[in-house]
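Alright, structures below, take your time with them.
Look for subunit A in each of the two complexes below; its partner is subunit B in the first and subunit C in the second.
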Partner chain A sequence: MTAAAYGNLFSILWPESILEIVSLVILVVDLGWMRGETTATRMRVASLLGSIGAVLSFAWLEMHVGIASVMGGALVSSPTVVAAQSCILILTTLVLLLGLSVRFTRNPGEYVALVLLATTGMMLVAAARDLLIIFVALEMLSLSLYVLAAFAKDSAASAEAALKYYLFGGMSAAFMLFGFSYLYGLTGTTSLSAIAASLAIAPLTPLALVALVLAAVGLGFKVAAVPFHLWAPDTYLGAPAPVAALIASGSKVASFAVLIAVTAALVPAWGWTATLLCMAAASIVLGNLSALVQSSVRRILACSAIAHAGYMLLGIAAHTLAGDQSVMTYAVTYALTTVGAFGVVAIVERSAGSDRLDAFAGLSARSPLLAATLLVFLLSLAGIPPLVGFWVKFQMFAAVLRAPLASGWGLGLVMLAIAGSAVSLYYYLQVLKRAYVTPAVISAPLKVTRLELFLLVAIAVAVVLLGIFPDMLMQWIPAV
Partner chain B sequence: MTALQMATIASPDSASVAWIVRSLWLIPAVPMAAAGLIALLPQPRRRPAAMLAVGSLAVSFLLAVTAFAHVLLHWSSGAATRETVSVDWLSLGSSTLQMGWVLDPLAAIMLVMVTFVGSLIFIYSIGYMSHDENFTRFFCFLALFAGGMLGVLIANSLLLLFMCWEIVGLTSYLLIGFWYQKPSAAAAAKKAFLTTRVGDIFFLLGMVWLFAQTGTLLFYNHGAGAMEPAALAVLLSQHAAWGLSAAGAIGLLIFAGAAGKSGQLPLHVWLPDAMEGPTPVSALIHAATMVAAGVYLVARVYPLMSAGAGAGTTTVPLTVVAWIGATTALFGALVAVAQFDIKRILAYSTVSQLGYMMVGLATGGVAVGMFHLITHAFFKALLFLGAGSVIHGCHEEQDIRRMGGLRSDMPLTFATYTVGMLALSGFPILFSGFWSKDAIVGAAHHWPVSQGPFWMLLIGALLTAFYMMRQVGYVFLGRWRGHGHAHESAAVMTVPLAVLAFFAMALGLLGTPAWPWFTAFLESRPLAFDFAGFGEPGLLPLMAATSLLVLLALGVGWRLYVTKANDSDADPDVLQTASPTVFRWLESRLYFDELYGATFLRAYALCAAFAAWLDRRLWGGLVALVADGFQALGQWNKSVDGQWIDGGFDKGCEELTTAGGVLAWLQTGRAPGYLRTLALGLLLLLLGLMVVASTLGQVKL
Partner chain C sequence: MLAWTIYLSFGGALLIALFTQGRPQMARALALVTALGGLILAVLAFFTQSGVAPIVDAAWIPAMGIRYTLSADGISRVLVLLTGFAAVAGVLFSWNIDRRVNEFFGFYLALIGGVYGVFLSADLFLFFVFYEVAIVPKYFLIAIWGSTRREYGAMKLALYSFLGSAMVLVGLLAAYAISGGHTLNLAALQQFAFPVSFQMWAFPLVFLGFAILAGIWPLHTWAPTGHVAAPTAASMLLAGVVMKLGAYGCLRVAMTLFPHGLDPWGWSFLGIGSWRAVFALLAVIGIVYGAAVALIQNDFKFVIGYSSVSHMGLVLLGLMSLSQIGLDGAVLQMFSHGVLAGLLFATVGRIVYERTHTRDLSALSRMHLSRTLPFAAWLFVLAGMASMGLPGFSGFIAELQVLIGAWAAFPVFTVIAGVGIVVGVAYTWRAMQKAFFSDAPAGSSPSALSLPSQELHVFDPITWAEKAGVVLLLAASLAVGLAPRLLLDQITPAVLALPHTLLTGGRL
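Let's turn to the complex of A and B:
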């Protein structure tokens, strides 16, 4: 790594830089000119500015699709990376806009600025191909999210969620860094490609196994895979709805993107696939089972997130081009659907003051369109055709079954995953049953702003359309 | 003439195919789409339903005229007049099933006829059905029928044709049984559906056979189609049973389908009963278009039917067609003489005229048969609509004995009906029926195989004029014998009558021997006006003879039914008094239905009874035994199920939920516990991997 490369950094870091600048601008605007305005106005202005920043960044990305790398391959840009980053930006925009009328903070400028910082972290994570950069980017992301999770300062649950998230995250980050240092010690390099080359020829030592498992802790924490998942239900439950949506969506996309890259480096070592598979199987079983008894929709979404992480880990462990592509499409569509589901949850919460299953009773009578979008989201999560959730699941399981690496375990684990999805239908339908069958406790129509409804319907339409025309997705996220 | 000279086969590239040929599918698609839309309309929306149906057919008509003009243009410029568009439909192993459409003179002229007559009848139906509560349903079926029929016409694949053919059969069923609350209508619908199905089975067999032999169901496909010389040569060289070639056998099978649809003996029994449907349906489906589909089918597969015929010889299928056609023509005319239901007379007349068309196809070629099809479509639609107008005016009365003298009450209907009647009778020179029927009789006269059909047709012609005179005498002349007061129908019904009447006369001009436009167009030959056409040997004497016959029959009819008209509806028919037995036989339609009832249906009923007996006694006992056994097993099962399986499942579900509960309990919410779990998980993972790795020898500890 030489100092001369700093000038080149900008050649691929413009999108991140734009976000940074915009976040500073937001702080200035919000704490400067907007100080006298109401919180709602400030929220609107800040979110709008944040969305503009994300759109600008998105535009730059889409105009510069290509293959580039700086700092000796520590940071790269390729069509796949750009697709992941674009998706993260879209998700951030959706989260910002859907969070417009969620009241949880008196400091909107700081909230939006932190969201943008977290987004920057996500984008860096997706692009990083060097252990150190990965760690720094992950920490940048995590630290922003810790603060964001605590942002509802009046709410004890929010503080609790943030604290648990922070403690858990801090500890796993420590483990991961420890593991990374072993890896560096074993291979003498922090570059993923060099590590791959080195591991491929070196014999497996117990130390290497330790390094692998330790590295898996940090990444497993980010994707909420068992046994590093315990923070998820509490954090999803306590964090403000937009923040929970961000944790569940953009952060997941970024983490899976980097997990794919790390897998490419570590898969030559024997234990990595096994580690992934253990985590995957445990996640599928535990995630789906613990979702069965939840009475809070946010916790259901958290437990289902664990299960989905398990499915995706299978795709990652298969380690083929098609498998990686299917994991990315899965992560992207899962994130999109989850943002939509959290949007609905936030609206219901605003009216009922709780996200318990009962709060959803009679949703279809109170707001038919909203209930319809929820139907689309949850059925897509459950993998019902023709929604996109079915298609990506099918694509990923097919890729796993075809993978040469998966000849020993593919069929068994895919069957486990399919059984898990069957179980998952139960708890998704529990929510939908409340929405469609149970009579409403409160019969007043739900207050939904036009923007929220428009965004949710747009997401639902996208979920349906992508399911019918999956080629659009495959073209957007190329297999390389 | 042996085979149709299909010398001009187009082989255009797909890019050079004209817009109208590429868009030909729109012609059936538009009415079908309209049918779908009408089906979505609520029952009381009458206006939009009628507008949609009529509008869609009008659009189809315009497209059909464009297509017709396109073919006409190609013909006059000497270019190829047959153009096809094929699309891959589905793959069966290595072979691909194609379907597509064809535009040639045959299709073009039929398209124009069906859309034009159809439009008129649609308009007429607005008036005729105005009081019906299921108005929208009626137009939905009608539009669907039009779509199916037009699909039959443009199909370039036997399979596509068959599918549209079945749509047409379905709508025919639905429309015959349109007043399903009448038991007779429901029975008639069922009868029509089942009888035509008998023919369709043979048709399907023929189709499958054809596909097995040639590997294609396309009629024309730039030399690779089933109706083109290469495939025909293959078919001719294959031998089926009884000295028939495969071509002959397939031709016969397909003709069986055509016979079912076109009411040829012995599958004619459904057509007269089909008159239970609303009169516009009778006019459109059971006179002008659908029943002609059989004739059209024979014309379409004519190269197959005539394959192997040389000069002065013919083929087995065509011989069969000729004889069946002639028998049907004579039979229909005979039975029509002794009917009293105004629509049944027309129905038998249709049966008879379809026989003429078949003979025309078999002895004279496509053009001769098709010309009669076209002229017949117009004047028979006219007659049916006229009959509908009469029925409407006489308050749903259909028995001609209870009519009479309507010429003064319904002058417009009378005038147009007379035109139709004269056209059907083949009144010389002025009317289209004369030219088309005369061409058939002439062709039969020159048939090398036998003169039998010729004489049968002559007698048929005589009878046709006679029964039509009888009908007109009963209905319009003489004295009013009914109850109440008859009234003329509304303009929406009479205007279509007038239009049809015009064509019933004018169309004859297209097929005179001096200017055989129709034949020339259909066979894509140059056309010239030449009076020498009348100079063919034997033509003029034959024309004179048939004219004399027709005039004679009309005269006899006039004498029997106009000068000596009955005064009361109770009076017997003149023929009835003259020869009660013969009349009773004819009135009872030669006991065909009874014959079928006594043979096929009886045999079928016997089989059914036997099967029922077997079922009850033999199988029933066995089944009861098995059932008892299974019941015992079931009881046992039930206890096992209740005790073990259900319990097990419940237990399993409980366990699942409990497991979830335990996992949720793990989720204590206490942060130190979480961190402990994290460390524990890490250690377990590591330990497990170590153990596995060392057992597998992957790593040395």
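Let's turn to the complex of A and C:
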């Protein structure tokens, strides 16, 4: 590569570079000057710096919306990619700010720096269109998250969460790399667009099938689709709340963005759609059914995340412009809502020391506004209009039914998905029942900082407004 | 104009929920003002408009061809009027709610707003949004302020409702995809010729989805438990208007969108040869079954709950007659049952239960309520007579029209439905006799020991709010019973304007 090519590469990577630089600055500031301060102060400074970095990066992104690609199309930028990346940055900022008062670590500098590194990975994942870049970016994301999941060093649950996440993740990454190597062997290229062209004319071989299935393992792990979902409940349960929120939100958005790109490349090969559909159907059924019996709210969110991944896989398998658009709007709004829900869970945990359903008893009496935001988040996840969760489901199922590729399976799987979301109302209502119906065990008002309340109300308002005016969402994430 | 019924209700709900915490009197007053505002708008529109009156039509989600379209025809106006009555009466009968008052009226008005929205929507997406908006408030109204097994009743009702709307959603999405995905406007979709094979499965799916909310047998079981568990105002709304949402959806969406789904299959089994006959059969079973079960209940509220199932069966039977007079009767019965069920639930749940603290018929029979609570006794006599179809009240003319309409298509079913109506007389009579006019001596049972000297028991006087609510609902039923033209002048043109493929059962 020439110097000009590097300059070109750097020009498209400015937002990621900003994050990298800020994460290093945070480490220097925190370890250099802040060691004498209390952990709370250090956390505030580090999180504030991290948020500033994310905002700077966001500003650069929004000023440079356009279509660009470097290194022969290995990394691209387009309005859709920018929307995904902007959303990831917003989610990271929210996670950092909502995590300010969560006490789980004595090393805030490292924590925030790692969050920013993970975010960099997510942004690269969303932009990558080359097998190697995808793998490197996914590893960058995953390695940061493994460490973050273990960040509550005093907590055995956190260690267990991290270990499960790491073992499953490492294994599936290896499978995926193996599959990618087969794909390279079959097509002689690592570029997704070239692979698509090559697979379209290649004869069906068992080798290609093996490659597809192996690639599906790695991506299925990232989106927590059945049968690669086993890590999710324990990781969501044990990881520190902000980290769990990050795993459930930004990481999901990035993974679905790359899954759309990979699908565009692999769909010509017979079997990819079928693989996606099997994962989708199994995720919808298992995710919803397993959520019914949980008594921990974090685990309910984890199981429902599996189900939501199932719905989104349907949209991906439809493989139309409208379908891809709907998957992105779904992933983005789902992530936003989940961050909000985790924010409420973290606040309740801080007071009750547990995320069991009983800890939510009487929430509406202890903090009416907080309970109202939880109501909005969970009903949106259940797909109740006029909240945005309903709109994205409607849009996606409509796109699936209209997709030419889906003529054989569309109706049946959409019915399954709608039945699944009917079931989901039960477990979301279980949480809301505690919050609104069951009398409070602890009657003291809940301690909620102004910042937390402001952010949660802002997210709830966004969920309502985007649901009432979904056109804003569709213009922000265009169908291209 | 009518669009403001929706905005007013949701605005009122938000205002009350956010700003009246700790000020119950203000919450009640605001709720009453909001509900009255809705009623006034509904009455004005009812007397000034005729035919199809478009209200709003604005681009909403252009990329998917979804528009914000509200419009009202005669059927909508009648049901909006019913909602107005039920809403005001419900506020009046929940004047005594004293726990979490602002939340109660917030949920209550949100439910009302959703109901208005359903009756006025002319775009299916909008219709469905309002339809689902009405589910969640019901859950909380019952689960928080309810009585007997409230959490069970509330959850059952929410899940049944959501199951029904899931079925509807599948049908709507499929219709949207098949018609090319350009529009969800109801009138535009009615013009589209859906393949008959598609209508044959979409119709029963969507119809049944809606009919769950209308209490169709055997998916009616949410209704009695939900009604019994609900606080009085919520029972009134559930039986009064929410069940009408289901019947309205059956007529407005399922039947007009997929009229060929009602065609004969070409083969028959035991005389059942079309979805029309299947649903008519289920409706008739509902009529008889609901009445028979009501006959043996010992909980006063369960009697009314099962009678709702029975009466809604008549609505569904009227719909399946596919004749002008039958459909007229069905819509009229929706209005009539809405008013009368509200009245009955108010009598049992508010006027009697809040004073005697029991709904057990054998316990009530020892209290000699006809002497200690004459207002309730005479009210129940009037409401019960109206409900069993006494001429002069709204129920009579509605049931008559349904039966005449159904006779041509289903003579056997009609006879059985007539038997169900007779059983209806029996259970109303039995409940009336046991609760109010029993001669059972006060001291004949051990439980009387805990309530000494019922003979002398003085109950709280009837409040102004109760009297006002009673007068409102009784007047509505009486007016319609004496001058059914009032409603029929609105209903009949709207029924005749339904797609011509639908009214195969003949018109007058």
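As a convention for this text, the second predicted complex is superposed on the first by the 476 of 480 C-alpha atoms of A that agree within 3 Å, B and C clash if a C-alpha of one lies under 4 Å from a C-alpha of the other, contacts with A are read in each partner's own complex, and residues count from 1 in each chain.
Keep in mind that, in the parts below, a contact is a pair of C-beta atoms (placed from the backbone, for glycine too) under 8 Å apart; a residue touches a chain by one contact, two chains touch by 3 or more.
These figures come from a predicted structure and were not determined experimentally.
Trainee: Quick one: is A:M415 in contact with subunit B, with subunit C, with both, or with neither? Answer first, second, both or neither.
Mentor: second
Trainee: Looking at A:P470, would you say it contacts subunit B, subunit C, both, or neither? Reply first, second, both or neither.
Mentor: Second partner only, subunit C.
Trainee: Who does A:P386 touch here: subunit B (first), subunit C (second), both, or neither?
Mentor: After superposing on A, A:P386 lies in contact with subunit C but is clear of subunit B.
Trainee: Which partner does A:A156 contact after superposing on A: first (subunit B), second (subunit C), both, neither?
Mentor: neither
Trainee: Regarding the shared-chain residue A:F228, is it in contact with subunit B (first), subunit C (second), both, or neither?
Mentor: first
Trainee: May I ask you to decide whether A:R402 touches subunit B, subunit C, both, or neither, giving the answer as first, second, both or neither?
Mentor: In the superposed model, A:R402 contacts subunit C only, not subunit B.
Trainee: Spot which of subunit B and subunit C makes contact with more residues of subunit A, would you?
Mentor: Comparing subunit B with subunit C, the partner touching more subunit A residues is B.
Trainee: Both subunit B and subunit C touch subunit A; at which residues?
Mentor: The answer is that subunit A has no such residue.
Trainee: For the complex, give me every residue of subunit C touching subunit A.
Mentor: Against subunit A, the touching part of subunit C is residues 21, 60-64, 103, 125, 128-129, 132-133, 135-136, 139-140, 143-144, 151, 155, 158-159, 162-163, 165-166, 169-170, 173-174, 176-177, 181.
Trainee: Contact residues on subunit B for subunit A in the complex?
Mentor: 656-657, 659-661, 663-664, 666-667, 669, 671, 674-675, 677-682, 684-686, 688-690, 692-693, 698-699, 701
Trainee: Please name which positions on subunit A make contact with subunit C in the complex.
Mentor: Residues 364, 368, 379, 384-386, 390, 394-395, 397-398, 401-402, 410-411, 414-415, 418-419, 421-422, 425-426, 429, 433, 436-437, 470-471, 474, 479 of subunit A touch subunit C in their complex.
Trainee: Along subunit A, where are the residues that touch subunit B in the complex?
Mentor: 160, 163-164, 167-168, 171-172, 175, 204-206, 208-210, 212-214, 216-217, 226-228, 230-231, 233-234, 270-271, 274-275, 278-279, 286, 289-294, 423
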